[in-house]
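Structures follow.
There are two complexes below, and they share chain A, which is joined by chain B in the first and by chain C in the second.
Up next is the complex of A and B:
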């Protein structure tokens, strides 16, 4: 049974990261194991290179914060407080498209593969204009 | 590489690595995390890429990350030893890197196996 998607734009209520490294604008809950997020890239984004393109590291941070937002959303549903989250590892990361420039909207889909204790393993795919640009697996650990 | 020189500074440089000190002035610490400055893992990845680019003599970007383990936190003020083993294959640079505390090789912070181009 599917539940209606729920969109959150008050990202600070889901993750502890703040400007200048808040890398999610909108979080969309799909179900307990799936979510999406969006980031419209501003010209002053921390991860833009001198040519104006986002680095791979910036996209990975966006994925990490999307995963943290999902964990934070589930915590909020359960009446718990949000916690600090850290990347534990990154595997199978493949860059498959051109990195986005300022003005573009980065969209990411994250699926939870497993959750053991405070470590969540996710599979993620980031896209721009529906074209995949990067996929990876990432472990996110909560404090 | 607009972060270079603000996030960290080079203390020593050799063909296989660097001694680096994390600086505290970088604006990222205002948000990661407020009142509890911790270097974001992705910025340590960026630091590794910038150091390899410096050694190779051209700006590189990650094409694939086979395995990257963030073993322990990096904080502003930390002095770190970055060891780089790289091999050029056509336009790809294959990299194995490790980052550890400067005084203790067992104080591992990051291990990386990646391809850059």
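Up next is the complex of A and C:
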């Protein structure tokens, strides 16, 4: 199933979320176990707090949508139907930097740790300007 | 090697190491559900470099089964 790294700009074909809840602009497939994504934060982003900074929940939603996009892309490569993905749980969440403000670009790397049936465990790290701001383990369950 | 496995599992799933006995049922002992099973698979993969295949999971019922599966594939 290996394919060269490629950028998928038609993110709507991989996840069901649409603006204003869509939290991934660009998805970059690296290999079966790894992907990256980017989100340029608009001023009207729903996850900005009163101070104008992205909330932790916003970054976690960004990671969840990145993970779901990756799982969906793997399904597409395998000729399968893309399912809805849900957050199963979140562990080892560490905030290591300041949350980004509007105008910043959030970049995330997601790595698949394991998969059992329709549940995928991923390790993720989000960064802004190459500085890590949050890392976690997240389970994504497919419908 | 078994000691290492027991310590890692006890820490991850927050159970006493003493309850992890070879003939004990894994799911019952560590209170695993369909979501947390993937944690065990990930842990074994990261710590021992062994990937437990989904179709093999039903055959791994006890900790002795898990040790056999992992240590024969390292």
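The rule we apply is simple: the second predicted complex is superposed on the first by the 140 of 143 C-alpha atoms of A that agree within 3 Å, B and C clash if a C-alpha of one lies under 4 Å from a C-alpha of the other, contacts with A are read in each partner's own complex, and residues count from 1 in each chain.
The criterion applied here is as follows: a contact is a pair of C-beta atoms (placed from the backbone, for glycine too) under 8 Å apart; a residue touches a chain by one contact, two chains touch by 3 or more.
Quick caveat: nothing in here was measured; it's all calculated off a predicted structure.
Colleague: So, A:17: does it touch chain B (first), chain C (second), both, or neither?
Modeller: A:17 sits against chain B, while chain C stays out of touch.
Colleague: Specify the partner with more touching residues on chain A, choosing between chain B and chain C.
Modeller: Counting residues of chain A touched by each partner, the higher count goes to B.
Colleague: Touch check for A:88: first (chain B), second (chain C), both, or neither?
Modeller: Touch status of A:88: both partners.
Colleague: Return first, second, both or neither, reflecting whether A:119 touches chain B, chain C, both chains, or no partner chain.
Modeller: After superposing on A, A:119 lies in contact with chain C but is clear of chain B.
Colleague: For A:71, is the partner it touches chain B (first), chain C (second), both, or none of the two (neither)?
Modeller: neither
Colleague: Looking at the overlay, does A:127 come into contact with chain B only (first), chain C only (second), both, or neither?
Modeller: Neither partner.
Colleague: Taking the superposition on A as described, I'd like to know which of chain B and chain C A:60 touches: first, second, both or neither.
Modeller: first
Colleague: Taking the superposition on A as described, I'd like to know which of chain B and chain C A:35 touches: first, second, both or neither.
Modeller: In the superposition, A:35 contacts neither chain B nor chain C.
Colleague: Just which bits of chain A does chain B share with chain C as contact spots?
Modeller: 88-89.
Colleague: Report the residues of chain A in contact with chain C in the complex, numbered from low to high.
Modeller: The contact residues of chain A facing chain C are 88-89, 113-117, 119-121, 139, 141.
Colleague: Once bound in the complex, which stretches of chain C touch chain A?
Modeller: Residue positions touching the partner: 34-35, 37-39, 41-42, 45-46, 51, 54, 57.
Colleague: Show which residues of chain A lie in contact with chain B when the two form their complex.
Modeller: The contact residues of chain A facing chain B are 16-22, 46-47, 49-50, 55-58, 60-61, 64, 84, 86-95, 99, 136.
Colleague: So in the complex, the part of chain B that touches chain A is made up of which residues?
Modeller: My answer: residues 1-3, 27-28, 30-34, 36, 38, 40-43, 45-46, 49, 59, 61-70, 73.
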